[in-house]
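Per-chain residue numbering starts at 1, and chain names A, B, C and D are given in the order in which the chains are listed.
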Amino acid sequence: MAKIKVGIVGGTGYTGVELLRLLSQHPNAELTAITSRKEDGMPVADMYSNLRGKVDLAFSSPDKARLTECDVVFFATPHGVAMAQAQELLAAGVKIIDLAADFRLQDLASFEKWYKMPHACPDVLRESVYGLVELNREKIRGARVVGNPGCYPTTVLLGLAPLLEGRAKASPLVDASTLIADCKSGVTGAGRKAELHILFSEASDNFKAYGVSGHRHHPEIVEHLQTLHGGPVGLTFVPHLTPMVRGMHSTIYARIDPKARDVDFQKLFEQRYADEPFVDVMPAGSTPETRSVRASNMIRIAVHRPGNGDQLVVLVVQDNLVKGASGQAVQNMNLMFGLPEDAGLGQVAVLP
Amino acid sequence: MAKIKVGIVGGTGYTGVELLRLLSQHPNAELTAITSRKEDGMPVADMYSNLRGKVDLAFSSPDKARLTECDVVFFATPHGVAMAQAQELLAAGVKIIDLAADFRLQDLASFEKWYKMPHACPDVLRESVYGLVELNREKIRGARVVGNPGCYPTTVLLGLAPLLEGRAKASPLVDASTLIADCKSGVTGAGRKAELHILFSEASDNFKAYGVSGHRHHPEIVEHLQTLHGGPVGLTFVPHLTPMVRGMHSTIYARIDPKARDVDFQKLFEQRYADEPFVDVMPAGSTPETRSVRASNMIRIAVHRPGNGDQLVVLVVQDNLVKGASGQAVQNMNLMFGLPEDAGLGQVAVLP
Amino acid sequence: MAKIKVGIVGGTGYTGVELLRLLSQHPNAELTAITSRKEDGMPVADMYSNLRGKVDLAFSSPDKARLTECDVVFFATPHGVAMAQAQELLAAGVKIIDLAADFRLQDLASFEKWYKMPHACPDVLRESVYGLVELNREKIRGARVVGNPGCYPTTVLLGLAPLLEGRAKASPLVDASTLIADCKSGVTGAGRKAELHILFSEASDNFKAYGVSGHRHHPEIVEHLQTLHGGPVGLTFVPHLTPMVRGMHSTIYARIDPKARDVDFQKLFEQRYADEPFVDVMPAGSTPETRSVRASNMIRIAVHRPGNGDQLVVLVVQDNLVKGASGQAVQNMNLMFGLPEDAGLGQVAVLP
Amino acid sequence: MAKIKVGIVGGTGYTGVELLRLLSQHPNAELTAITSRKEDGMPVADMYSNLRGKVDLAFSSPDKARLTECDVVFFATPHGVAMAQAQELLAAGVKIIDLAADFRLQDLASFEKWYKMPHACPDVLRESVYGLVELNREKIRGARVVGNPGCYPTTVLLGLAPLLEGRAKASPLVDASTLIADCKSGVTGAGRKAELHILFSEASDNFKAYGVSGHRHHPEIVEHLQTLHGGPVGLTFVPHLTPMVRGMHSTIYARIDPKARDVDFQKLFEQRYADEPFVDVMPAGSTPETRSVRASNMIRIAVHRPGNGDQLVVLVVQDNLVKGASGQAVQNMNLMFGLPEDAGLGQVAVLP
């Protein structure tokens, strides 16, 4: 089979270099173009020395990159870039995977409120699919445009899906109106930007919450929770910055419904994810650690019910740059092109 | 005024060296003895090179240490040591501050369950005072024996006190039965022990929960929450290990009672702690960071109510070795001996 | 081709888990046995959660492991274990790769001095080959027993080889009697042992030298430097402990011989390593960083001559657990079994 | 005695906040002004939350700050600022301590080459004193203008002073022409600037050299080495970036002169620094660690002679923000105003 021709728009950030790491080792993909307005002509390996000898490609300015000759284009760009180019690429038969937020929210008002810009192509948005594979696998297979989920949403949605799916009209398992997600992210989650608060000297040996009064991932989580639930959902979401490079740990709290006290929640999760290649429900009593998924596309989940009481605690870990971004994007590509879902994603996590 | 003669039992751990750092700079204290069974004769500064030229004392074995000549003895030991020596010291007129758990729980059954040993001196326990100054200041002034609080309990109790104090019989502010404390600790919280899971190579660039199904600080928090509340309290407590040396961040969730929706919670906290020298209620919207209290006895608190909804989020930071252990112990000593409460505790936090 | 049957003795340390990570992804290797006296029966993935779903093997006690049925056995054990079992395995036709020091030093007196034990099988030692591929490739192809190099020696030997090889009897390039290697290692270099000085709380945000008066890798480096040089060599070696998990950076100083002032050292290094798949000589002026080789088998080298003076400065980085240990061991296996040298070692380094 | 009125120009960087930490606890200093062009009106404690409740001062723009009413002004600014304001302040009787490089190099050509600007006041430069107390104590007492040393120079100069002082015309102890300083700095050494290479995600779990072909501290070290030596000095200087917040470790190599083989170098260092309050020569065989001086003004030195050979290895640690910057500046102030040299500098290092 001919290899898929892949273009990357905006490959200078962390999701960009991670796409390059994964795609350069992918058996069915061929990197054909990578754009950067600023770094036109610079070999990719000059910016990211881990790619020396592995990726023999230079950044090119968007006008020279001939993206319309690709089979698929990944956008590893700031919000707003993908939607500006989507129609032209689709017209040329190119599929799109956006790692930013342009195709994550179907609610236009919410998009405009949180991203401070009008949406450039509501039609494309409507046909786009939210690329959380474990929830939307079949739709993704047929999609031309995929909005790759945010890092926090991936963990919270997969941590809550077994509890909420289809439950709005059935007997509830948990109180969907008082959910809490206390999430901790490594610093790469903030991107590769020259900003003071993510300097080593500021973020090291330090821990803090941020965005408590509002974070862009909150509406994204709620919209998709409501879709899978089939009804309204109330969520308190508190993200925290953790002094580690990669990794995300979400601690999710849900009140068990009085009628669901006899449910075996461990089994519920195990059954829900039994066939998922990238979701590992750990044995009862486990406490997953972020390094157990470092540099891999796995997500690991543990379910706790302290004192056998009414409070369920779900622990979810992922690598924010892999399953939380670039790995999930490749997983989406695999589905969109009929490849084995795990093609190029078999890496064992790097521990220690 | 003559300086207080201070003895330290078991000074080789982190709370021990932190006591030495604080007491060696204390204007009214004189270090007269420090014991270690293993390190008899070794100069303290040979073990902790930061003390070179500052502390001119050697460890001595307990039998040589003449602790009964001290005015006060700090126990920076494993659980069970202080209660074995308490009666002899009290008989000699020596006051006791225990940094372990021997005098933290009045509930004997709970103590025996969690610490796997019978209590050696229930009488002394009964007269002892729980050394959380902001809750028990007056009792501490008159105490002969103080049980210095655990690190997690200090943050959770101070983060919830304004919401619960005396509310069992008054109009409630929050639902006391569904409280959640999601707590993150630096690795020194695990002590100075040769154990694999706290190696640099295991704990660095990594994040995980632990003790989800049960942690010794849970009964301690609940007992004292119930005391201040005046009634039953339900708490879910999930501690996490964070890759930093010092620091603790507790994110506390409480459901606002429907009748309390108009309460100004920011003001409530500000008023409660207005006169407290070591509690800083930060301006509305703040997200305190652990380094802002590093190596100092301060605790900083911020109160959030996301979306002006029914969920209150209280953020609390402290240095787990200072306000969470040795600094609080010195604060207790100051009160027990009629000194200014902040004597020797004026250090500005070390940032960056 | 049938896969090579691989056994690992002592797989519970960091070199063990790293062998498992690499070999479980190796196209020509089949893990058939892994021994641990303590953990008999425990699934490997229960100890190392990154291997869940990837390695379906349990530790077995040495007596049950049937190592004589393997094609090759790796020893990821303390010093002294491999030499005790070498003769039996060789008799059964099993090849041996020892990641400890049993087959690194031909000088028996030096071995006994530094490792405090007599050598159990000098005959096997004599036929063994020092597994630094870039120096001994042809010998390794025919070897039955390989002593896998220490982490520091790998960087220092490769950093100095182009300057010293065969120079004892030719015109010297540098003064071989005043070499200096100032080396910095991540904490995994100290292994997975419950020891105080490598606790997170001790090693984090901290930097120090160690072993200045003598380190086991010093005689190993000198012996092999002398072999490649063909004459005596004087080396000052100062290792340092750096607060990072993986990675090693060696800064090597050599005085240029007055007659060699016109040599193009950049070119010398480029030519020496032009055909080496795992040695990357970076462009003049580069400063390689350890993360550029994280979790990969690459070594990167840069050559500097500050102010165009008489002092040469060679910078070398590697991942101490890969090229410095387990990756190099797999590279040796590949050669010993006629496989492509880079089989199973194509991973792109993980950055960031 | 009236307190000294202190102004700080440019207090938003790390040396600025460190000056604030030290001076706010200084018994003889009163902070009266702190300038920042950008942050005019902002309370200092809003930028640095560790100062909440400790420093009740706001940044003011330079024109409002009335610096001429101060007794002393510290410049914690980029290079070039102090020399532009020096003459006006001196005319008003204000003393100056510059933490940048304006008054570190007497060699004007060297200053212009390395700092890319002409010197604005060569006359002031000529009367200024290089503020390395242990070398220039008496001159500093009488100085109106002090150039506070760079962080690297402080360690290298103090590490070499006992070996070189006055030796150009006496029997040499070491070869002054082949000195090597291999230095490792924590990331705060790079300042508080929004730059990519010092992001947490770039600098964490990573190690690299930089400035190998030339660093501004090289001419500063050489100029002052030559002054104390009384003759020419050759130094190779390689700085490295280490993943820690604070701390500097310099490993210094010097070849022992054949005639000096019987010198007791341990004793030489001990005698040289016997009366120095901030220099601790550790016992023979020690390996000082950076955390042993964290947040304190101490410098610790150990002297090694591996294998009793001809290579001397001197290990020096300091906190780059204290003895390497702001602490040393306060030490200079104490001397310039006739205060006890250690006033306000008695802090015990924070360990762990």
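One rule holds for everything that comes next: a contact is a pair of C-beta atoms (placed from the backbone, for glycine too) under 8 Å apart; a residue touches a chain by one contact, two chains touch by 3 or more.
None of the values given here were measured: they were computed from a predicted structure.
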Third chains touching both subunit D and subunit C: A, B
Most remote chain, CA-based centroid, reference being subunit D: A
More contacts between chains, A-D or A-C: A-C
Interchain centroid distance [CA atoms averaged], subunit A/subunit C, Å: 37
Geometric centre distance via CA averages, subunit D-subunit A, whole Å: 46
Where subunit D touches two or more other chains, by residue: 14, 186, 188, 192, 201-202, 204-205, 243-246, 288-289, 291, 294, 352
Residues of subunit D that touch subunit C when the two form their complex: 178, 180, 182, 184, 186, 201-202, 204-210, 212-214, 234, 236-238, 240, 242-247, 249, 251, 253, 255, 285, 287-291, 294, 304, 306-307, 309, 311, 313, 315, 317, 352
Residue ranges of subunit C touching subunit A (in the complex, touch as defined): 14, 17, 21, 24-25, 48-54, 188, 192, 204-205, 245-246, 280, 282, 288-289, 291-296, 298, 300, 321, 346-352
Of subunit A, residues touching subunit D in the complex: 14, 186-188, 190, 192, 194-196, 198-205, 243-245
